[in-house]
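Both complexes below contain chain A, partnered by chain B and then by chain C.
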Partner chain A sequence: MAHEFINKCVVIKDLHYSVKDNTWVRVNEDGTVTIGMTDIAQSLAGPILHAKSKKIGVVRKKGRPIATVESGKWVGPVKSPITGEIVAVNEALLEDVKVINRSPYQDGWIVKMKPSDMEVEMAELLTGDDAVDAYRAKIEEDGVTCTHIEGSDEYE
Partner chain B sequence: MEDELEGKKILVIQTHGVDTPTRTYSPLYYAVAAAAMEMEVMVWFTMNGTNQLRKGEAEKVELVPGSGTTLKTMLEMCLDNEVELKVCQQSLTLWDMTEDDLIEGVGILGATSIIDLALNYDHVMYF
Partner chain C sequence: MENKEKNEAGKVSPIRLIDTGDVSYLRSQTIYHGLAYAKTPDTPDTIVLNRPVDPYVCIGYHGVLHTEVDVAYCNATGLPILRRETGGGTVYLDEDQLFSQWIFAAESLPFRNDQRFILFTKPLIATYQYFDIDAYAFPPNDVHVKGKKIVGTGAATIGMAEVMTGNFLFDFDYSIMSKILNLPDDNYRKLTYESLSDYMTTIRREVDEVPSMERLKSIYIEACGRCLDRPIIRGRMTAEELKSIQDLDKKFLDKEWIYDGSTSDRKNRLVKINANVWLFETSNVTKTGVIIQILMRTKGKLINDISISGNVLFNPTHKLEAFEKYLVNIEIEKQSLTEAIEVFYQLHGIETQGVEVEDWVQTIMRIREKNAITVF
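Up next, the complex of A and B:
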C-alpha cells in the first residue's frame, strides 16, 4: 500500500481525502465507498472513548455528520466527505472503539455509503501526491505530530 | 429517536470561570457534543463564567496538567462546531470588561434575552 510519512502521520496515497475535515474515502468494487478518519484525526483526538455512527438508511449530504466521536480531550463530528446513503456501519467499533486509533485506514473505518453524486464529489477530494502535498502543508502549519497507541497498524 | 434529536435547541449556561478550571470543562464539552449531534447550541456565559472570555485568560488554564488542552482549546472547539457563544452584558460590567476585552466570536446579550432564550430552547443545562 503506497504511503508517505509526514511527522509520523501516515497518508495512504490511493485513498481520497477531505483534507479540511480529516476524512478519507475508499471506492469499493460494488459502487459503495468506505469512509473513515485519518491518522492525523485519530492522533489529534487521542485515545477514543466513544463513537456513535448514524444508522443504516440515513441519507447524508456532504459535510453533515456521519458519526460523533469522543475522546478524553476532544469531541466532534465525523463529517461526510460525500453525499449518499449509509449502507453499513462498522459494528466492530461497538466492541472496541480504539480500533479507530490503531487502524484508522483499515479495521477502524466508520461507515460505508452509496454515493449519489460520486463523480462530481470525488473530484473535489484529493488523492495521490496532491493529497500528500496538502497534508504536508497542513501538518507543518498546524505543528502536528502523529502518535500511535500499542497495536497500531505498521507501515514500512 | 436519533432523528428527533437533530435540530433540537440546547442552551448551556456557564457560570464557572478561570478560578475553578475543573468546573469549566464539562459544560463546554457537552455543548460541542450536542453540536456534533446536529443540535443548535448556545453557551451563555454569566457570573464567574464571564472571565474566561477575557482575551489572554483562557489559554492560561490547562485542564489536565501536561495535556496541552486549555480552556481556549475548548472555546475554539465550540466555535469550530458552530456553538454560539454569548455573554451577559451585566456580567461584563461585574468583571469590569467591555466588548473590546472579549475574545473573537463572542456576542453580547442583555439579561432579558436570557429569559427569552430559556423559554424558546428545548432544554436548558445550567452549570
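Up next, the complex of A and C:
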C-alpha cells in the first residue's frame, strides 16, 4: 500500500479521509464502504479499552457517531465521514479491541456502511497527496507524533 | 497550547461558574451531561461544582453492569445505580465528595488527553496543597498523596463539549465500595477492602482539621483561575440548558440505558485501586486439564500479593503458601517469572502433576496480556 509517514503517523494514500474527524473510508467492490480511525486518532486516544459500534441497520448522517471508544478514562465518538446505513460491525473488536491501535487501517476497522450519497460525500473527503498534505499541515499545527503499541502493523 | 479562550475583541473570555450546592444523585450526573449536550459555539466554558446528597453507584460508559456491580446488594440497600458517559470504572459517590465538572470547548483545552488531565488536576492539586495535603499528579490521570489516590477523574467528548470530571474526597466509605462491586468471593472482597483502605486516602485521613466544603470551594475556584489564567465569574444556566438537563433525567433513569453494556471477559476480572495498584482475578486451564486460579494484587510492574486456588496438586502441599509469598515482588514479565519459579521448584523439590512452570507463567502473564496495556 502506498503510504507516507508524517511524524511517525501513517497516512495510506488510497484511502479517503475526513481530516477534521480523523476517520478514513475505503470503497469496497460491493458498493459498501469500510470506515475506521486513522493512525493519528488511535495515537491521540492511546491504548483503547473499549469500543462500541452502533447496531447494524442504524442509519447515520455524516458527522454523527457510528461508535464510541474509551481510553484512559476518556470516552469519545467516532464520527461518520459519510451518510448511510451500517451494514456490518467489526466483531473482532469484541475479542480484542486493541486491534484498533495495532492495525487502524486493516483489522481494526470499525463499521461498514451502505452510503446514501456516495458520489457527493466522497468528493468532500481527501485522498492521495491532498490527504497527505492536509495531514502534514494538521500534524505540524497540532504537534502530534504517533505512537504504536507492540504488534502494530508495519508499513516499512 | 493556548488555554486563553479569546472572544472576537481579543479579550480573554471568562469562565462561567455554576455552583449548585447540594443536588440529588441524578442531578449530580445529568447537570454536566445536559450542559455538554446543550453547548453551542457561543456557550462559555463552564465549571460546575456540586455535591450529591444521596449516595449512589456510578458505572462508566462502557461498563458491564452485572459484571462490575453487585446489583442485588445495591437493590437490597436502596443504592441507586447510574451510568455516566465519561470513562473509567464503577465508583461509589456520596455527600462526602465535592464534584468538579468542566464543560469546555475543545479549543480551550490542550490537544492531547494526557495533557488535558495534567491541566485538569492542577487546581485540584493546588487546592489540596493549600490545605497542607502533599498531593501530586500521578499520570495519566490520578492525584496521589504518599502513594495513595485522592482524586477520581473522567473525561468525554459529548456533543460539542469536552468534559472533564473529578472530585474532592472529604471522606470515603471503603466498606460500601468493596460491597457494591461484583466480586467472586469473600476473600476477594476482603482484599479489595484492604487494598482500597491501603491505597486510597481522603482529606479526613490527611489533616487534623477538615476544611469546610465552602472554604475548599473558594480556594479551588481561585486555583482554577490561576491555572487556566482566565477570570471565573458566577453565572446561571439558560432555559435551553435547563431543558437539556431535565430531558436527560429520563434517559439516565431508563433501565435499558443503565443495564446496557459491551461484552467483557469475565474470566479476567480487574479492579483498579489506584493508577499504580490493581487487583486481578484470572483462571487458566492447562493442556492436561488442571485449573489454575489466581487472585493477585499488582503494584507497578510487580506482584504485590497473590493467592492461588483451583485444582493444582501442589506437592509438598505446605509449600504452596511459601510459593505465594515467594512470588511477591517478582516482576510480571515472562523471563523473570520463569526463572523465579524454576528456582523455587528446584530449591524445594516441588512437583505439580500436570502443571509445568510455563503454565504458571502463562496464567500470570495472561493478566498482563488481557488487561494490562493500561497497567504496565
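Please note the rule applied: the second predicted complex is superposed on the first by the 155 of 156 C-alpha atoms of A that agree within 3 Å, B and C clash if a C-alpha of one lies under 4 Å from a C-alpha of the other, contacts with A are read in each partner's own complex, and residues count from 1 in each chain.
FYI, a contact is a pair of C-beta atoms (placed from the backbone, for glycine too) under 8 Å apart; a residue touches a chain by one contact, two chains touch by 3 or more.
As the structure is a prediction and not an experimental result, all values here were calculated from the model.
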| item | value |
| --- | --- |
| Fit or clash between chain C and chain B when superposed on chain A | clash |
| First, second, both or neither for A:Lys98, with chain B first and chain C second | second |
| Between chain B and chain C, more extensive residue contact with chain A | C |
| Contacts of A:Arg64 with chain B and chain C, given as first, second, both or neither | first |
| Chain B versus chain C as contact partner of A:Trp74, first or second or both or neither | both |
| Contacts of A:Lys54 with chain B and chain C, given as first, second, both or neither | first |
| Clash with chain B (superposed arrangement) - responsible stretch of chain C out of 170-178, 188-196, 206-214 or 224-232 | 224-232 |
| Overlap of the chain B and chain C footprints on chain A, listed as residue numbers | 68, 70, 73-77 |
| Contact footprint of chain C on chain A as seen in their complex | 44-47, 49-52, 68, 70-77, 94, 98, 142-144, 149 |
| Complex contacts: residues of chain B adjacent to chain A | 2, 29, 32-33, 35-38, 63-64, 67, 69, 73, 77, 80-81 |
| Residues of chain A touching chain B in the complex | 54-55, 64-65, 68, 70, 73-77 |
| Complex contacts: residues of chain C adjacent to chain A | 60-62, 85-88, 111-114, 117, 140-141, 153-157, 262-263, 373-374 |
